[in-house]
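Heads up, the next two complexes both have subunit A, just with different partners, subunit B and then subunit C.
Now for the complex of A and B:
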């Protein structure tokens, strides 16, 4: 009679190196990009945070000065204008481009003829770089040879359209240009959303006697609510990064009236050699983004949990 | 009075003809099933009745009103969609009241109507949920509730059970039938499932390639299909089609497995002018194991030899594949009396229930 001695450890079968390689490959392939995003996002963010608390000027130095940079930043009138501009621009730009984009999407969704042509026309501005957009629109706004000159040439001698020449209206020139650039993008996303709505829903609403506007308000648009949020979030990060559009359109002027945080950061860091204060300004931009993105990500997580619960 | 009348209805998209001259009518309170394979035009016909598709030519009457150019909301109809089409962002209650709100029905009346329908369909406890939180069967009920609350002249169902699993489908089928008995509304029901059509409808319109092949009671459609398409479409397993030759005014010959001819006497003489070659249509349940006892009970039974190729027991019944000439036919047997694979049995075919078709026109003789 034989007994099995259970205490003797049985050596696990040696894993063939091919199999081990198989499990390693995904990690190996992902490692460079993971490392890069870790370094560029987290390491540099923390570095910038540290610099914003240091007395760095032309070159980074590491003498801790607390919140001095933030204090002098907020004491600066130009920074205050830039930060105000950011909120003014973001608000109008996002609401404006979403409203126009939605309107265009709804119009195209009415099974118009030559839909592909319209889609291409409205989406085209997105294919044009900010620099080109800014330059072309700066010509259009130019009172001497832009729209004003053209309309006056038609006979309206008193016609006035010189947004960029006035420090109070220049920011609206930037807003209009921004909306022109991105409403086609909003349209494309909204149109995709509208097309994803079950056509039976529209038929059901039709039989229920709902008018077209009521069908959109009560049935279709609520169904694509997540798309509104997605468009808004994408537009917000565009707005906060705004740099080249303004650089090409108004160069921050007239005076400092269209200065944006990104322009201000660039100025401080690379033109005036005030890296510490520039880093502080950059951290304020990050804060503005975080105000938007953190609640958004929390909401996404919450919704996913809620969906998980309801199956 | 008929609740729905369709006269010579045509529909074409460009040059493509979808419906080619449909004539139908439904008496008040009737349950009409439109059944046919996919692409036969049944859903298009329903959409045209609802007003969701335009009419190319012909007339649609609902009650005593010609509705060709009437808006869907003014046709006094309610529809249940295949996908249910419940408004996903609204609660069940809002889904049910949406139509009444659009029409400006007073709030108190709306609440009363919701109460009545919710009680009828037993969905009271679901009223504050959203469609995403409901099971398939519950969604189906809510969709019916939304239709019922309107108290319309005409109910339209577009394959309402095809998204449910097999068991639930049978349950909901029974429920729809009960509901129709209770409410008694004229109903047009589109389905591709011939069992649904047979069990629910008071009359069935079998459609194929844009035209109605036969419009009759389920029994007539099953027993006397007007052509080979209807005969083959209705019934599962399908009717057996056996090529045969006339050998006299009251007898035909079919080829047996060994190549010899078996002569079968017809239950009734064929009309004058019938073609020499015919197709004998026999339903699987009209094929028996031949006994003298059977012959005395069913005098029209004719016998012939056939080898058994395959036996498929399903529990309640046993299907046997039998060889006849160079084709296979299916017979339906009692499990206790079922043939065994490989044996050659003497078949009894009940000729009084058999159909004869013209092989060129495919029409019933």
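Now for the complex of A and C:
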């Protein structure tokens, strides 16, 4: 800093004009981002909502047709497949990756050697895109070149593993790949939670003679219960937005068997020229997210307030 | 340890405990190793196949140790492989992704830092409400914005261009970067700012001299988060660009869609790795920050 700053500690008296401009600076800095976010969140949502109520087909039009698009959406067999898949996927994906994530976190928490190496291995799929993951796994599921061929080559001649070739099982290929991709994420969050548990609490349990598994079940896991909920909520969010993974892994097939809501929206808007119904499907995705996130956010706010009162 | 442990031969209970301990340790490492193999196997398969000869892959299948070694597939995937008529490999798409990701990351991070600074240190009436409104952007599914973006990009003359994707990713990224930076700056003591203001420092001076020097930890997290997220993004890339303008994720899907001919697994493996390499390298060298971003982005 220059000596100038020291000799003139107080800024020269500002004119009212300058002062007012000075107080405006923070708002001016924020304004462009605010405007962009406002357009992105509110204008775009209302825009798409309006499209979903219009008779837009190949091009957006603004002729109001009420809930017709929603009616035809819910009457559509493929949409039925899409949300059934979403429920099936969400259930297995969340339970599967939380179970594996928790197992890995607990194992790593046993003061294992090379903790950083294990963590790096389990988390790397998260750095890679769903496109890369989906592409590679689609090769592994390919019965002619992938896992099935490999196991048969080892000598087990009737081994059968062709999930993606069958419309009844293809969804499980998506589930397995999804779990592979994100159980490391669950592990990272659980591990952070386990590390935040008060060590005195654990010590007290051990002095009382509780076994390791009992200590986990009765003391440690209950204290990190909120993390279970956080992981579940984040993963439901992933599941509702699932698009890339399916696009690269099965492309929605065989047939339409692995259609997801996001795939359906894309197809209707850009492949079939049914923009109105596509927008209706997009609004349903938003509604699904809101059903999960609004109660969760309210709960978080409520919990913080309660903590504020008690603390 | 050895001196303290009682001789197990004289103490059956201690012997059982020692056995249980070693058995537990063994099981822990066995399960971890099993999962490590499952996690690493797909990566190894792709790396091997990018180095094997296509004839060998056709003969022995995808999952096999390499019996040949060559880098031709990498060269072909990078520069000469043909996708629907054009024989330029992935290099153009790789650079599309790079020229999309770098500006979008830099701009959204800078905006996020300034927004976070305002929302934590220059609060005004209603600023908390505005912050919460901005946060809603974090949860928006991309599908909601597809048609509005299509219209806006058309009006701005940015369809099928990298600039259009930069715009989308900046707008979409602001809520994340603002959230990260704001939550970090909140922990900088207000007294520091107050003292600086008494000394006559203004908005920008405090930002430059106090906030920015304290910011590297959060800026690294934000940059890593934005870079990997934008590099890996697919939906906007495939909707708003085509052919030569596509980012690498969209190009990979087009490349591996494959025709009716035998699949060139060697070249496709190299292409997949080219697409995966930048975020993987960032993850390997900035892993600590990557995980921090992950847990911060997750638990707000």
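Basically, the second predicted complex is superposed on the first by the 289 of 311 C-alpha atoms of A that agree within 3 Å, B and C clash if a C-alpha of one lies under 4 Å from a C-alpha of the other, contacts with A are read in each partner's own complex, and residues count from 1 in each chain.
Here is the rule we use: a contact is a pair of C-beta atoms (placed from the backbone, for glycine too) under 8 Å apart; a residue touches a chain by one contact, two chains touch by 3 or more.
Since this is a predicted model, take the numbers as computed values, not measurements.
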Clash-or-fit label for the pair subunit B, subunit C on subunit A: fit
Contacts of A:158 with subunit B and subunit C, given as first, second, both or neither: neither
Touching partner for A:33 - first (subunit B), second (subunit C), both, neither: second
Which of subunit B and subunit C A:275 touches, first, second, both or neither: second
Of subunit C and subunit B, partner touching more subunit A residues: C
Shortest span in Å between Cα atoms of subunit B and of subunit C, once chain A is used as the common reference: 5
Residues of subunit A touching subunit B in the complex: 198, 200-201, 203-211, 214, 218-219, 222-223, 225, 310
In the complex with subunit A, residue positions of subunit B that touch it: 47, 50-52, 71-74, 77-79, 81-85, 87-90, 98-99, 102-103, 132-133, 146
Residue ranges of subunit A in contact with subunit C within the complex: 5, 8-11, 22, 25-27, 29-30, 32-34, 36-41, 43-45, 47-48, 51, 60, 100, 103-104, 107-108, 110, 112, 116, 118-133, 135-140, 142, 145-147, 149-150, 153, 180, 184-185, 188-189, 192, 227, 230-231, 234, 237, 240-241, 243-244, 247-248, 251, 262, 265-266, 269-270, 275, 279, 281-283, 285-286, 289, 293, 300
For the subunit C and subunit A complex, residues of the former touching the latter: 24, 28-29, 31-32, 35-36, 38-40, 42-43, 45-46, 57, 60-64, 111, 114-115, 117-119, 122, 124, 127, 130, 133-134, 136-137, 139-149, 151, 170-172, 174-175, 178, 199-200, 202-204, 228, 231-235, 238-239, 249, 252-253, 256-257, 263, 265, 268, 272, 275-276, 279-280, 282-284, 287, 290-291, 294-295, 298-300
